[in-house]
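Okay, so subunit A shows up in both of these, paired with subunit B first and subunit C after.
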Partner chain A sequence: MLELVKISKEFRTGFLGRNVKQAVIDASLRVERGEIVGLIGESGCGKSTLGRIAVKLLMPSSGHIILDGADVTDMPEKQFREFRRQMQIIFQHPETALDPQYTLLESILESFNKIGIPEAEQKGLLENISEEVNLPLDIVDRHPNQVSGGEIQRAVLTRVFAFEPRYLILDEPTSMLDVSVQAHILQLLKRKAKKDNVGMLFISHDLEVIRAMCDRVAVMKEGKILEDGSAKEMFQSPKSSYMKQLLENSA
Partner chain B sequence: MPRIQSRLYMPNVENMSEKWSSSLDIGKFRKRVCASPIKFTGIAILVVLVFIAITAPLIAPHDPEKTGIPYQSPSADHLLGTNDLGQDIFSELLYASRTSLVVGFLAAIISIVIGVSVGLMAGYYKGWIRELLMGMTDVFLLIPGLPLMIILAAYLSPSMWNIILVIGLLWWCSTARVVQSRVLQVREMQFIESTRALGYSDSYILHKHVLANTKEVIYAKFSLAVASAMLAEASLSFLGLGDPLNISWGEMIHFAFTRGGFANDMWWWYLPPGLMICITVLAFVLITMESRKDSRLVELI
Partner chain C sequence: MSQGGLLVVRGLSVAFKTQKGTVQAIDGIDLDLNENETLAIVGESGCGKSVLGHAIMRLLDDIAVVRGSVRFREKEVYEMDTTALLNLRGGLISLVPQSPSSSFNPVITIGKQIEELIEKAGKEKGNGARKRALEYLSLAGFSEPELIHKSYPHRLSGGMCERALIAMALSVEPELVIADEPTKGLDALSRKNILGLLHKLAKDASMIMITHDLKAAETCERLAVMYSGEIVEEGPTGIVLNHPRHVYTKGLIDAQPSRGMTPIKGRHNLFSHNAEGCRFKERCDAASNECNNHPMLSKVEDYRKVRCCHA
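Here is the complex of A and B:
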């Protein structure tokens, strides 16, 4: 179980950090393995910040990140690298998701090499994963600007799936893709969650996508998590007025 | 990333090998020249200049130190006449390309190495490191360059190496600024974060991703740095602060000025070195101009 306990994050800007912006306030959230948890909220509500904190790309100002019972919050980076394999993050913008200087293959091999997969097995692994994520192998020697956003996102998935992560943070992974590609990738993610028992935190502002994907849903506004419950409950009888409003707006 | 390339799994190997071999054949080469004629003009001029510098002893008609009849006008034997000591000016001109190019390149390398390191660190790390490094850069930018170089060159003994050091150590600030602003842009791109999420260290990311995406800026800045280093060297040498043992183009003009070349209106003495400086600087500017045009990345320069 990936657990975020009372996470707060403040950004300080300006001279000597005089301007303080509270991005996340006291947010608690848990993701079980095999479960897809949706995180809804408008732009700037702190949901992406929370996602980055979950994989320790950002350090929380206070609170704890607990990964399968181990508190990794203040773990030094060297020690934490072991845990990196277990949780990965996928971002929103496919056009900058991979380094434009390298081919898709080179970016994918970056993760293979990190795990230390021997050269002889790389080809087989690439074939396996690319079949799983539907990445055509004849495009892997192209550069990111020569393939579509959907293909880049598939390459990103290949790169991340090689780690066999237990938890995945998906920061609006499909919001920049066109609808048919979006549906494919969502299906693929959902299948992956159930098949390999991966816990996913699905960050989105798209209620329809959340409704289709998630087992549980949390709503976030102005840095706080307002409500947290099963998807069914949340969509049928939301308690918070904000969620009600969101549902009304989308209806 | 050479390590990865060596173990490339290539789905269509034939295609790839074709791509490699074809970069050598002449048709492709012509195509590339036509695609960016300005750049290749610059490169061609540069190749010729480097060739002249390397083969100076072979192609120079006379030993530039051998004295003879002074103040000769251009003739078949002395293409650009002789100077006040009767030395052949054309041979001297060829030999001087060595000093000018060496000073230009080495000073540019020093300034680029310092500028890139400072810019990279200041751009990638936040907080006091950036404040310190950029503060330092601003201070250096405020120092009036040429007067300081003149003072330093006057106090240090007049040698080529001192000139290289003086130019290199004072000319890095604008590189640092440009590189820093590019790095600031690159570091916000998502592949940086996702590579970090894979568990790679800062030094790996800086090297493989940040630097790789900054290299176009660095190349362009480098060729401009060579040009400005050569101009700085010419200015110092013209003022008489150059290395008398390694004559450069700037120094030739200096001698033409102090030993009566200007007074006697001997254009063949002072004009050719000036033209050579212009041509070389132009070559570097041409190389940069093209990459500025075909890349959005170099807008910063």
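Here is the complex of A and C:
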């Protein structure tokens, strides 16, 4: 289980950090393996910040990140590296997700080498995963600007799946994609969660996507988690007035 | 669909020469738009919908080979001289471009950029232009228009930039607004606000909304679905979305998360624009021998046209 316990994060800007922005306030959330948890809220509510904290791309100002029982919050980088492989993050903007100077293949092989997969096995692994994520192998010699957003997201997934992660943080993975490409990728993520028992934190502002994907949902507003419950309950009988408002707006 | 409409497009084709051969971005588009009518053009990335928007305003680069005719108020756009063209763009037709945050000049304040357009279009000068810019910023829902007026674009969020762009496009009181993906990447509330704003400010104008978002398209009266550079289905929005006749339209509707998230099989290929016969046949379950003949966009009911031999 990936647990976020009473996470807060403040950003300081301006002269001597006098402007304090509370991005996340006392947020607790847990993701079991094999479960897809939706995190929803408007732009600027802190959901992406919380996602980044979950994989320690950002350090929380206070609170704890607990991965399968181990508190990794203040763990030194070297020791943490093993844990990092188990939780991977995928970002919203496909065009900035990969190094523009690398071909898709170079980016993918970079991660294979990081994992320490012997060269002899790399080709086989690439074929397996690319079939799983539906990445056409005739385009892997291209650079990110020569392929579509959906194809980049598939290359990103190839990299990420190679780590055999237990948890995935998905930060608006399909909001820049066409609806039919989105459907492909969402189906594939859903299958992955159940097949390989991967816990996913699915961050999105698109309630339709969340409803179709998630087992549980948490709503965030101005840095706080307002409500948290099964997707069915949240969509049929939301308790917070904010969730009701979100549902009305998306109708 | 009368001949004397605001915008009449006939047989419009645009081709780009690339290293790998010619890509027919759009092919034989016919379109009619009446005064005060709203039309949504939907389709996947690469179907040519943005190229169509730009071709109508004659904004394409010289490398684009354009054939066909675009008539705005009975004047041929591709025969206009520079003066007439400048008057057309930003005066009679306004474009709300894609990617709001990179559409503004980053080193000039929002206000100055709006004023510049108002002055260029000959609507107001000096203080009058400033007043009008502020007026449209507040119409666009900014509670502190002065603050936005003197802000540089990087200080605004994506949704705010989109609203400022709409304010700018509408500040010249155009007769036609072309909005290119106005809701891309926005959350539900911003999307609702932006759509409301567009329709409110453009209520005296005609509008073409280019989008891949069927929810946004629902707000327009008519809908044209594009695939591989062609219109494959066209008609009143409610009828097309509730009773689609083309397999591709059905596929788009069923791919929505709320409708079961069924992906369309196969993938869209830029070079299928050059294919013989029906361009969708590779991805269509109903494909038969008949589909090797290129289908025409033909009338199937009153006001509705479909390009499919099985429809």
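We take it that the second predicted complex is superposed on the first by the 251 of 251 C-alpha atoms of A that agree within 3 Å, B and C clash if a C-alpha of one lies under 4 Å from a C-alpha of the other, contacts with A are read in each partner's own complex, and residues count from 1 in each chain.
The working rule: a residue touches a chain if its C-beta (ideal position, glycine included) is under 8 Å from a C-beta of that chain, and two chains touch if they have at least 3 such contacts.
This structure is a prediction, so every number in the text was calculated from the model and none was measured.
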| item | value |
| --- | --- |
| Touched partner set for A:246, first subunit B, second subunit C, both or neither | second |
| First (subunit B), second (subunit C), both or neither touched by A:81 | first |
| Which of subunit B and subunit C A:97 touches, first, second, both or neither | first |
| Which superposed partner A:122 touches (first subunit B, second subunit C, both, neither) | first |
| Partner chain(s) touched by A:209 [first = subunit B, second = subunit C, both, neither] | second |
| Touching partner for A:25 - first (subunit B), second (subunit C), both, neither | neither |
| Which of subunit B and subunit C A:140 touches, first, second, both or neither | first |
| Contacts of A:42 with subunit B and subunit C, given as first, second, both or neither | second |
| Subunit B versus subunit C, judged by how many residues of subunit A each one touches | B |
| Which of subunit B and subunit C A:149 touches, first, second, both or neither | second |
| Those residues of subunit A which subunit B touches in one complex and subunit C touches in the other | 92 |
| Residues of subunit A that touch subunit B when the two form their complex | 52, 55, 57, 81, 84-85, 88-93, 96-102, 105-107, 109-111, 113-114, 119, 122-123, 126, 137-138, 140-141, 156, 159, 163 |
| Contact set on subunit C toward subunit A in their complex | 44-46, 157-159, 184-190, 192, 212-214, 251-252, 255-258, 261-264, 267 |
| Interfacial residue positions of subunit A with respect to subunit C in the complex | 42-44, 92, 136, 148-149, 175-176, 178-184, 186-187, 205-209, 211-213, 246, 249-250 |
| Of subunit B, residues touching subunit A in the complex | 1, 3-5, 7-12, 15-16, 189-191, 193-200, 208-209, 212-213 |
